[in-house]
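What follows is one structure encoded as structure tokens, with my remarks underneath.
Read from first to last, the chains carry the letters A, B, C, D and E; within each, the first residue is number 1.
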Amino acid sequence: MSEYIPVLIMLFLAAATAAGMIVATSLIGPKKYFAEKMEPFECGESQIVSSKQRFSVKFYLVALFFVIFDIEAVFIYPWAVLFKDLGWFGFVEMMIFIAVLTIGLVYVWRRGALEWE
Amino acid sequence: MSDLMKDLHTEHMVINMGPSHPVTHGTVKFLVTLDGENIVDMKVDIGYLHRGFEKMCESGTWQQVIPYTDRLNYVSPLINNVGYALAVEKLIGIEVPERCQYLRVIACELSRIADHLTNVAAGGLELGAFTAFLYFVEARELVWDLIEMLCGARVTVNFVRIGGLKNDLPQGFQDKTRAVFKECRRLWNDVDKLLTKNRIFIDRVRNVGDISAEEAIAYGFTGPCLRACGIPYDVRKAQPYLVYDRMDFEVPIGETGDNFDKYLVRMEEIQQSMKIVEQALSQLPDGPINLDLPQYRMQPKEDIYHRIDSLIFHFKTVIDGIKPPPGEVYFAVEGANGELGFYLVSDGSGKPYKCRVRPPCFPLTAAMPRLMKGRLIADIVPTFDMINMIGGECDR
Amino acid sequence: MVADLIESIAKIVFVFSVNLGFFAPVLGWVERKQSAVMQDRIGANRADIFGFTAIGLFHSLADALKVLTKEDFIPTGANRFFHTLAPFICLVPAISTFVVIPFGGRYELFGHQVNLVIADLDVGILFVFALASLATYGVVLAGWSSRSNWSLLGGLRASAQMLSYEVAMGLTIIGVLIVYGSLRLTEIGALQENFFHWGIFLQPLGFVLFLTCAIAENKRVPFDMPEAESELVAGYFTEYSGLKFVMFWMAEFLEIVTISGIVTSLFFGAWHLPFVSDQELLSLFQFAGPNGAALLAMLVNVATFFAKVIFFIWLQMTIRWTLPRFRYDQVMRLCWKMLLPLSLINILITGLVVLVL
Amino acid sequence: METNVTIKKLSNRFPGAIIETHSHRGDDTAVVKKESILEICTFLRDDEALLYNFMMDLTVVDYLGREPRFEVVYHLFSLRHNRRVRIKARVSEADAIIDSIVPVWVGANWFEREAFDMYGITFKGHPEMRRILLYEGFEGHPLRKDYPIKKRQPLIGPIN
Amino acid sequence: MGVTFGKESASRRIVPGGTVSDGPERLLDGSAILTRLQAAVNWGRKYSFFLYPFVTACCGMEFMSVAGPKYDLDRFGAALPRFSPRQADLLMVVGTISHKQAPILVKVYNQMTEPKWVFAFGVCAVSGGFYNNYSVVQGIDTLIPVDVYVPGCPPRPEMVLDGLLKLQEKVAKERWSDWPRGAAPVTPMLKKQE
């Protein structure tokens, strides 16, 4: 576990730097707040609809695909590392797994979930 | 996808794109209704640069309109100058000397080159190709050097006079033109390499903003946007004015009218315009550049100072303005964006009774919702750019 | 134990200062200057300290001072906590991803084993992906919490794009893992001692795919959909001002460095000089005694590594200033319909070749 | 020259609707009754010998002190025959309404809105008759001859 | 050249000529450290303008040239256009401002974060130019405070660069107390209807 100590130190340093920056910038600098300034920017006009609304479902779909494909990709990592030990058997087995993955991709593709137009 | 989406309730996002937005040139507002990234509906609001052109024209004399025409299409002011002067000359019923006509052709084409360079440059900039943008700005800078040499100003030139020109060709213009065009062609080739065969650029512009020829005509498209649809309508060829009938040049046309065709048409027109300038310079005849009609065109300064009749005419034309006979004319020239028409009404006084300009990019901008409906928000960028909406001209 | 600690701290200080003290400000300058050179311009060169301009390097300092004293701003209706948290989440992984990238080999110095990597984790490359995917949250939160429609669109684009490319990036790397049989970046680096065992030769397709995915993951032109200026004003950080906004940029610049580091480690022989093996290098510096030789070899290796990193930074900058921007659907199509199948094919081919040979 | 083919054809087809014609400086012009503008425009667009497929320009001239006060001016262009024609319809101030020609040329949409904005002529049947160059809340029509050139109606103060 | 400093306004006093006069403000601004710090910050600010290009009209063409290779605004550290007012320091008002545009300009100005400067680029922004009619604002200083006026129709790029240098001089002389500047001193009058 000891090799993780430097990682923690680094993370801590990074966090301290980032936090320091945020604190510094929020302390330093002139401040003046008034209603018009605090409105969200929309090209010099007032916002018509709030951004807190339901937006297009396509973005959620991508998130779903990500979960599916990325989780499966994670299964491939240990196989890849031990690839030479597993030999042909492992290869064929993993190819079947990837084929299943590909079928999923083809399905998604054919259903048009990857189209944005 | 639609079967998946059917039961899902999502709200459309209505968003102001503009007026102060990088793609809208600060003078247009697109009220875009978005479904995710797709444009469901679009409304265009213009008029943010309405500067009262016609009202200003009506308040000044006929000559005083020329500076205002400069600021119509400020990317190619010389064409506006020439168009207005030609319209007034048609109203009076005079024709300028041949040398003047050649010089006007040169001026027009230089302006057209600058306009197309700017347009393609801005297109590149907005698609993220910053380097292509700066290459063409550099090329435009060279063309502007030429224009500055000719007129004394870079952007708003105020060069053309009714019945003549402000001045004759300066010394060494031919040589400078040759040098500038050589450099321009080099930069043109660079940008051609950077964009025309660039897969990303082609993907962004091809099959976007396409329109059929019939529809384009119904919307009143002219200029490169109409020619991109395959209609070879060019005022310079259809109703030749000045000495365009003596010039040998081609009118490039596209096929589908999409942004790529518009881009290609503009790129090719830069080349053709350079050709025209070179021809005009080689054919340039000697002779006067101004009409010898003191009631319309100011006499030379020496005469004004030394001859009483010239002085009186000078006085009369400056104070009262020139007085075209009553009547009305419409005269169209090929602007950089399309047919630039001037409709003038004279009541016989020194001031224009009505000075209407037909702005070529006005109907083009009006077609934006038609071009954009059902497209992606990113498609607004190249489409609006290739329409080349110029605020001064569209809003006047 | 004490020596280990000193070594670790020395390495951390080194990486930290190189990243934040050198690369972050200098890359801002490089971006300006390189674009200037490519565009026939001169570029920033006026900021001076006592008359010295250092070819414009001080402009980065001026920028830093300016943004630090700029007003800090959070729009009303924005989620103040997440709005503040977002740049933090973006920057922290960007700084700390470098811990697993080896910037040199193993050396025997004064009887002490020096391994020039801050943390030689056995999950190595996975750690990079883990931290990199954290940055996605920063971007999405920034877009979501600002209550601006442009930010929201930018954030949505970012979420979809970064998630998609993470899948593709994860799969492109598998070819390399098959070839080298390890997740440890130090091991992968050590296996590339022979010039012809560099990843670029063993995994040419993997290299191209990985670089593409990495640039897309970093949201740089031509993949800068989430901040596409001409479409979304400034995308997900439209509502950020001053230093918070620059933190996103710093994160971007640091990620350029990290990407260059990973590409170098995986595909470009890590710290190795071409055609010179470690032994040869050591014997070259025999005149300085065993410790001196190790030290010199270390210096050469570190220099080689950073030279390669700088080359890849240059490459990324060149790409950024040459290409126009993709359209959003094209970016997604490229990922799901081109890169993903290609990376699967890459796995297949690599597996077959490795097994047959 | 076959300059006034259009005018001849128009006069034959709509003898009652043509008020006057001229060809000053070669520009064929026909002043028509405003009631028949839509009909005439459709005819001009569709007749095989004319085919005015372009509606190049639409504007209004304000002849203050004359009755009817306004003239709506249409400039048409035929691509096939390379010919132009100017059609004018007179509109009085009291009844400043004319038929919209958007059904004939869709491109006339914005031109008519501009005419409404600048001169206050209402186009009947126009899909969206509202201001285009000026803002909602602007009172009056600035290009009318009786609108003072410097009469400002700023959206934001102070008045300048 | 024809570049002038902005008018003095209540919240900002500019000391022309360079030296800060002896007087109460010297005591107020106090210690040498503060002055040094202020000088350093001003140095940073003057070499790092992020522009907000509020480009509307003809002057935009010259603005492109100024940013272009021949004149290269980037030399002065002012090349980075930020289209979000939060990130911009220098509002470049390039071109004519009509009454329809005026609320937009004021809003963008108001939405900019402190410190912020305004650059009136071209005679239309300076005074309305020769458009003295019903639709054009007679100078943006009737709406927002302006720091540098660069007349010309449009101004030549050299003039713009000169104006930028003048602005840098001005920024170098600023004091802490000059900030924040706050909202534009105008209020909406005509209510807009949708």
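Methods note: a contact is a pair of C-beta atoms (placed from the backbone, for glycine too) under 8 Å apart; a residue touches a chain by one contact, two chains touch by 3 or more.
Because the structure is a prediction, the values reported are computed rather than measured.
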Contacts common to chain D and chain E (chain labels): B
Relative to chain C, chain with the most remote C-alpha centre: D
Whole-Å gap separating chain B and chain C, where each centre is the average of the chain's CA atoms: 46
Chain B and chain D: spacing of chain centres that average the CA atoms, whole Å: 24
Distance between the centres, which are taken as Cα means, of chain D and chain C, whole angstrom: 63
Residues of chain B whose C-beta touches two or more other chains: 13, 15, 19-22, 36-37, 47, 50, 52, 55-56, 59, 134, 138, 376, 395
Residues of chain D touching at least two other chains: 134-135, 142, 147, 149
Residues of chain A whose C-beta touches two or more other chains: 29-32, 37, 39, 41-45, 47, 49, 51, 55-56, 58-59, 115-117
Every chain pair meeting the contact rule: A-B, A-C, A-E, B-C, B-D, B-E, C-E, D-E
Interfacial residue positions of chain A with respect to chain C in the complex: 3-7, 9-11, 13-15, 17-19, 21-22, 24-26, 28-32, 35, 37-43, 47, 49-52, 55-56, 58-59, 62-63, 65-66, 69-70, 73-74, 76-77, 80-84, 87-88, 91, 94-95, 98, 101-102, 105, 108-109, 114-117
Footprint of chain B on chain A - complex, ascending: 42-45, 47-49, 51, 53-59, 61, 111-113, 115-117
List of chain A residues in touch with chain E within their complex: 29-32, 34, 36-37, 39, 41, 43-45
Footprint of chain E on chain D - complex, ascending: 134-137, 142, 147-160
Contacting residues of chain C [partner chain B, same complex]: 35, 38-41, 149-150, 152-153, 156-157, 221-222, 224, 228-231, 233, 321-330
